[in-house]
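Read through the structures below before going on.
In the two complexes below, chain A is the common chain; its partner is chain B in one and chain C in the other.
Right after this comes the complex of A and B.
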């Protein structure tokens, strides 16, 4: 996997800020927010500068039991071609079932049967998309009963069977540790980090004892600590800051990018 | 035969013809007097203005004032502008608004979501702006603007005179019709009164602008214009940056020295065709997040 550096999620609300911010090595775009026939001006400028743009999908519902919506995958593929993306990604989750859209990334039951469904859908998606595919672990507020595999084993087998890459969200590892009692370090020990594409970092907030991975608050030190844990095992090809709402000043965003760089430097 | 109002039709028309032009004369003389008063020059350096907002209001009234507040707040990162010219509050940061005007602009942006800058300008420029009274008073104190009361007095006098002329003419018309007298000439003159009303409005046009700078006020604007930066590079010295508000105060968004921000605030011509995710079935102008939907927790 090529070295991406440190990046930030491109959002239209902060497009000018991202375009002008120093030290942005790559950006990620929500694929569903882009047209397939033209790029927003600031993305065009970034591409002209040679900044990699990575499409990130949120709606493929790859773990869903229903047939894969290939039109959504084709849209992702078209966006990837438009930005000449080195890779694309989505989540290990489902977002639709029974004709309803949850509006959330829902966790999968960690069973062999669910893994088979996920693998089949990922392979179908890979056959449509021309670029490498990365899959991201999500933050869950619940776990389905009767799990047959740990999350790390589930992801490892997914990687083995589909040859996909991993997009590890350390904020999600932290959220799951807070809400479900999982152990991020143990999970990182089990994951095939040699298949790591890049890493997500984001902020959140605790409400009534539950940690919410909001992408709308500052990145807590604990999330950076999990990033440090990961870096101690393997230097990630890239780390991306996700911010989706309540955008702070450019200086604060730049400060969060600097904090990420500090963690990377500490483990260089 | 008794003549209505003791005047024959011919006599009335002669007097009425003179009366028709009286308000026009008043408008012209009023405008002239105000211009003369406004042309009294007194030394005043633009750097002595209390704030850049005074300069903005002097140069372009309320709309320019709001534009300048937006530019200032954007520079101080209390507001963010995106490539489509949409504003949003940053919500954090250590710099806080200094006066009621700035707070009002921030509140308006927050209330309207992510409005375009032009929507904020339109929304605020027509309403009572907090803190505007103080700016107006201080500009008057320094004799930089012609008092609005003078201009209002002339406009009201002209309007009152024309109302009186029209009323008298209509009354005479009714009397004439009731006495079965010929009223064709009077009808023509009433039509002429309407035309002259338009003429008076043109004569008083200089009095209707929102802010009328005095000669001193105009010199202040010219002085500030000579000093403003034309262009700033992205890595401009921070010492030069406060001049941004001055540039916008004089020339509006189109004069913003930062090219990227200027294009976002005041697109050069047609809206950019490739400005991104607005419209379309799969797109949203308030970009979707990487969370995949609503709710308080993202998970993605």
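Right after this comes the complex of A and C.
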């Protein structure tokens, strides 16, 4: 995996900020928010400057047991071609089932059967998209009963069987530690970090004892600490800040990118 | 377990979270409630973003009214978020919570045309 550096999630609400900000080595776009016939001006400018643009999908429902919606995969493939992407990604989750759309990323049962379904769907998606695929761990507020595999084992086998890359979200590791009592360090020990594509960092907020990974609040020090744990094991090829709402000033965003660089420098 | 059985389990979980369905066996009811609230809150935020005229018109009652609407009308596959937001506006109008169709400014129309 080539070195991506430090990046930020491109959103139309902060397009100028992202364009002007110093030290943005790469950006990520939510694939579903782009049309396949034209690029927003700001992304065109970034591409002209040589900044890599990585499409990130949120709706493929790759862990869903219903037939894969290949039109959504085709859209991702078209967006990847449009931005000449080195890599695309989606999540280890399901989104839709039984005619209902959750509008969010739902956890999978960590069973052999669920893994088989996910592997089959990822292979189908890989056959449609001519770009390397990375899959991301999600933050969950609930767990399925009767897990047969740890999350790290589940992800490791997914990587082995599909040859996909990993997009590790350290904010999600932190959220799961807070809400489900999981151990981020133990999970990082077990993950095949040599297959790491890049890392997500984001902020959240605690409400009534539950930590919500909102992407709308400042990045807590604890999330940067998990990033540090990861960097202590292996230097990530890239780290990307996700901010999706309640946008702060450009200076605050730049400050969060600087904090990420500090963590990377501390483990260089 | 077959792929169909897994599909049914996933559907049962979404019914419990979005459509008032029963808590499937083995799940923690309290965690499901927290997740259901989080999903509804996300949908409420997105609708407010797409139709800022609605929270503006409803003020402090936006949340309660949206939650009533949202629980009774889970979003189905094929219904986009914009259609969901407009369906909420129709629902409000039918109940007399808002009056005439909201006016859109000339600028908003212009911006929408670029979508």
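Note that in this section the second predicted complex is superposed on the first by the 268 of 268 C-alpha atoms of A that agree within 3 Å, B and C clash if a C-alpha of one lies under 4 Å from a C-alpha of the other, contacts with A are read in each partner's own complex, and residues count from 1 in each chain.
Keep in mind that, in the parts below, a contact is a pair of C-beta atoms (placed from the backbone, for glycine too) under 8 Å apart; a residue touches a chain by one contact, two chains touch by 3 or more.
What you see is a predicted model, and the numbers here were worked out from it, not measured in a lab.
**Q** For A:144, is the partner it touches chain B (first), chain C (second), both, or none of the two (neither)?
**A** It touches chain C, and chain B stays clear.
**Q** I want to verify the contact counts: of chain B and chain C, which reaches more residues of chain A?
**A** Of chain B and chain C, the partner in contact with more residues of chain A is B.
**Q** On the A-aligned overlay, A:225 touches which partner chain: chain B = first, chain C = second, or both, or neither?
**A** neither
**Q** Is A:43 touching the first partner chain B, the second partner chain C, both, or neither of them?
**A** The first partner, chain B, only.
**Q** What is the contact status of A:101 with respect to chain B (first) and chain C (second): first, second, both, or neither?
**A** Once the two structures are laid over each other on A, A:101 reaches both partners.
**Q** A:91 in the overlay: touching chain B, chain C, both, or neither? Say first, second, both or neither.
**A** Only chain B is touched by A:91; chain C is not.
**Q** A:25 in the overlay: touching chain B, chain C, both, or neither? Say first, second, both or neither.
**A** The answer is neither, since A:25 touches no partner chain.
**Q** Which of the two partners, first being chain B and second being chain C, lies in contact with A:157: first, second, both, or neither?
**A** Neither partner.
**Q** Counting only touches as set out at the top, which of chain B and chain C does A:15 meet: first, second, both, neither?
**A** It touches chain B, and chain C stays clear.
**Q** Based on the superposed arrangement, let me know which partner A:109 touches: chain B (first), chain C (second), both, or neither?
**A** Once the two structures are laid over each other on A, A:109 reaches chain C alone.
**Q** Going by the contact definition given at the top, which residues of chain A touch chain B in one complex and chain C in the other?
**A** 101-104, 141, 210, 212, 245
**Q** Using the touch definition from the top, list the residues of chain A that touch chain B in their complex.
**A** Contacts found on chain A: 9, 11-17, 19-20, 28, 30, 32-35, 38-44, 56, 58-59, 75, 91, 93, 95, 101-105, 136, 138-141, 169, 172, 175, 202, 204, 207, 210, 212-215, 242, 244-252.
**Q** Considering only the defined contacts, which chain C positions touch chain A in the complex?
**A** Going by the criterion above, the answer is residues 1-4, 6-15, 17-19, 25-28, 31-32, 34-35, 38-39, 42-43, 45-46, 74-79, 81.
**Q** Can you name the residues of chain A that touch chain C in the complex?
**A** Going by the criterion above, the answer is residues 64-66, 94, 96-104, 106, 109, 111, 113-114, 117, 141-146, 210, 212, 245.
**Q** Once bound in the complex, which stretches of chain B touch chain A?
**A** It is residues 77, 80-84, 86, 88, 90-93, 114, 234, 260-261, 264, 272-277, 280, 282-300 of chain B that touch chain A.
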